[in-house]
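What follows is chain A paired twice: with chain B in the first complex and chain C in the second.
What follows is the complex of A and B.
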């Protein structure tokens, strides 16, 4: 697929309300700059994220998807992120098995005080996705426009 | 297959079925019956003692029967079901998922030495793991080495391909999918009354029959049943387009085995699915 001019990666990050979203807030308060390619979706807990959200995000045109939550043991709801951990360890492998690049789906633990980690992670992930280029796998639009014949 | 032994087993099955129907232990018996074709059998519901003779037992008895009990959740009398190893695991699955009551079932155990079905090759449970009455003698199980070597062989080979090749393979498979949902309807782990795929609200499952939607369906289905799959291979058998559906769910099982220790579904009567529980000592790779 030819890379369109001025292409910018589109990354969606599901962030837990209590840790990562607060961390992002703190990054903002401290005037830290992170790439505007990352779009945050606030969820009550990282275990709120249905693995289907990830599939849907790729389908609707995201180049990268992230799931971020509290560190294990720090979950606001005590045990939520233990489920997240199991769930996405398996989901990540299933996606890789189906041919998605491992860097396109990532999960991270970022606490409410780790503003710098939030900034660094987002910058790093954006750089990785930028290097990989646009994602055509699982994408609806790409098929509607002719799919493999486009290449 | 030892023919005389199997013929004897069939006679024994009919005799037991007649007795159970006569003395009223069961309301009806779900088994296999003949069809117009010699090499096909179909599920048979025998409700009267004289119908017991229509039950058959041969190498073509491949339909999984346990899921039929879902259509009769509050039976007047017990439901008799013929169970092979895989069916008995399906029963365990449904009981574990709180779909049926074990007390409502009367399980007629049929030791099975493999049917005309490709999944039977690496079968790890030829004898039923749960039954009320066993027909004939238990058969010899596959050795553990053979079963475990066979179990994930296909997956390991597939994993050696490059990501793009894998994607290409699956994309071509999902191009074929007509989304008849036969794999869902037959699956003993798919017991939701209302499936997410039947929802008409935007955001559940798109109804367009294109590659992208079929991929979402395929992966979601694999994930939904992945930690509860009993590896009976019914999804692959019923697929009219011949998709290798088991390869997705088996991949999940393989990862579960790698990450969380040995895991085989439906073997124990009480065990929470892997994704329904957690362990503080799980590996943490999302630092």
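What follows is the complex of A and C.
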């Protein structure tokens, strides 16, 4: 598949309001720099993220999807991120089974004080996905071109 | 069609220097539904807010998107502003153009592009926003304190002194808890009963406190401000309204039972007061051991001797239901049952191997030996005493991995008391470490060593009997040699564990506990007296091992938290909570299982199956308990439950908008 010129990876990150979103704000406050490719969606808790959102993001053209929350044990809502962890361990395997590179979907724990970790994670993930190239799986165009038959 | 207004903030030059705000406003203005798209120098300022208010009127806007700093900064500011307009405060979305765009990027063109994406996402989301309304729940200004130890007593007194009604529930026949069993308190050697019994009397005399002894919490429903609590008043068989506590019945009762208050040293009767200074100072009958009540004999002598006819063998348990606005859990601790865990210490076969609490009763002036330290086996004064610390604590293999915090200090206190009361005695303390964090604690430990206590670093490996001596063998790890001490008495400073039944009370209250069954606080550092459930607070050792000063401090803290809840007539609740679509709900109860606040319950509704009318179960969310985390929404397999303010539709719209 030919890579479009000037292609930039599109990355969506579902971040919990209390840890990772706060950590991202702190990264801003400290004027840390990371690639423009990352777009945050604020959710109250990482357990709010429905696996459907991830499929939808890939379907509509995202090249990488992240789910970020508080460290297990530190959840603002006590147990939310334990659900996140279980759900997305499964989700990751399901996506891999369907031919999505595991690097395209990552769940990470970044606390409100870990601005540097946020920057490093986002930089690293962007680089990984840039390396992988655009994702076409699950997208309309991919199905029109024959879907799984292509492979 | 919605009429969205978009304001892109310059934030002085904070945003404008890295993002071409004019271009963003222009691009966003092209989105269908956006009828107004402008920039502003300082949107959060008074003129900035006025501009939005004017625009709402002028352009008949019905929802607003602001591209500015993080919503964590000014979301509440702008919501407040919208309260004065015809737009609902929740018809607002903020795109984070400062912290998550302008400040973190270096390429103006790309940053502008990202800013457009971010605002577009917010515009898409706001299109699906629905007006939300905060609701108010009334607050019943009456507190329930569970547990009548020093923590519960302190919390109850503090709340009552602040002018609120309090019910103090204690399952034993008297309040006082563990503190009243102790002889002296470290490091000042205050007499424990002398400082705790006046507080107990204060509780019983306080006009705002209803004292309920021999009571247990049966069931709890409801939420902050409105807890419906059912309390079981256990049958006492003595009418406390008439009884004067003369004590005649106690002297005549023929049954003798091992005395729990004295830790099994000594005996009590079947009709008894827990201890002489008990509050209330009236006896109860222990039905299990009463000859008449357990049917082993006709007896009834107490009924015959009672001058006021207070004895009622027909007494039954009663259930009382009341509404409380807040609950303080102060269920306390007990000592680990070392006899089951430490076979090498004799599993309880040797009468002279006793626990620290048993020693407290031995040395206590109101105890079974009237304060004379006499060993239980032959009532002789011991000369050589071994104290073993960390029995059950810091011992992952046999007991608990945690440190029980108070034992180093009361171990030193026990040594001090023995050396003081028995001239010429020797005390050997086997220790792992000596931990003395606290005011005056290290000084007290040093004083004990100067008194002549011998500290040996190491655990006791075995205790066995030789004649009337107890041989304690162990290793002195500092010199690396085995040591043997011939002792007359051994005191085991055993670990604190949560009081029996804590699991039940925790599940009734819908709060959580940690791996060792200590009740879980909301945050170990910043919310140490709160639980995850609003309106339920923690005091004392139910939360973890503590000494008395820490317990009292935490109890007062919990009391202040309760008073904080009671400072308002009614409480505003966030409208961003889960809501169930009953049509779609299939009653699978997945949401019930994953809710950390027990906010979801099942209810029966009328349904249809073909032509037949049926009853079916659906989930229902308690708005007082739901904190809006959304864990249930992702668990719902029919998509029946959704989180207002972050609905599936809103988030999917955001995703779609990014991918345009």
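Methods note: the second predicted complex is superposed on the first by the 140 of 151 C-alpha atoms of A that agree within 3 Å, B and C clash if a C-alpha of one lies under 4 Å from a C-alpha of the other, contacts with A are read in each partner's own complex, and residues count from 1 in each chain.
The definition used in the following text is that a residue touches a chain if its C-beta (ideal position, glycine included) is under 8 Å from a C-beta of that chain, and two chains touch if they have at least 3 such contacts.
Since we're looking at a predicted model, the values are computed, not measured.
In the superposed pair of complexes, A:42 makes contact with chain C only, with no contact to chain B. Using the contact criterion defined above for the overlaid structures, shared-chain residue A:79 touches chain B and also reaches chain C.
By the touch criterion defined above, A:89 reaches chain B but does not reach chain C. In the superposed model, A:105 makes contact with neither chain B nor chain C.
Contacts of A:61 after superposition: chain C is touched, whereas chain B is not reached. By the touch criterion defined above, A:33 reaches chain C but does not reach chain B. Taken together, the two complexes place residues 51-52, 56, 79, 83, 87 of chain A in contact with chain B and also with chain C.
Residue ranges on chain B touching chain A, taken from their complex, read 158-159, 163-168, 170, 203, 210-213, 215-216, 219-220, 222-223, 226-227, 248, 251-252, 255-256, 259-260, 274-275, 278-280, 282-287.
Per the touch definition, chain A reaches chain B in the complex via residues 51-52, 55-56, 59, 72-73, 79, 82-83, 85-91, 93-101, 106-109, 137-140, 143, 147. Remark: chain C residues 70-72, 96, 98-101, 103-107, 110-111, 113-114, 117-118, 121, 512, 520, 522, 532, 576, 594, 596-597, 627-631, 633-635, 643, 646, 648, 651-652, 654-656, 658-659 touch chain A in the complex. Within the complex formed with chain C, the chain A residues making contact are 10, 12, 17, 21-22, 24-25, 27-29, 31-34, 36, 39-45, 47-53, 56-57, 60-62, 76-80, 83, 87, 119.
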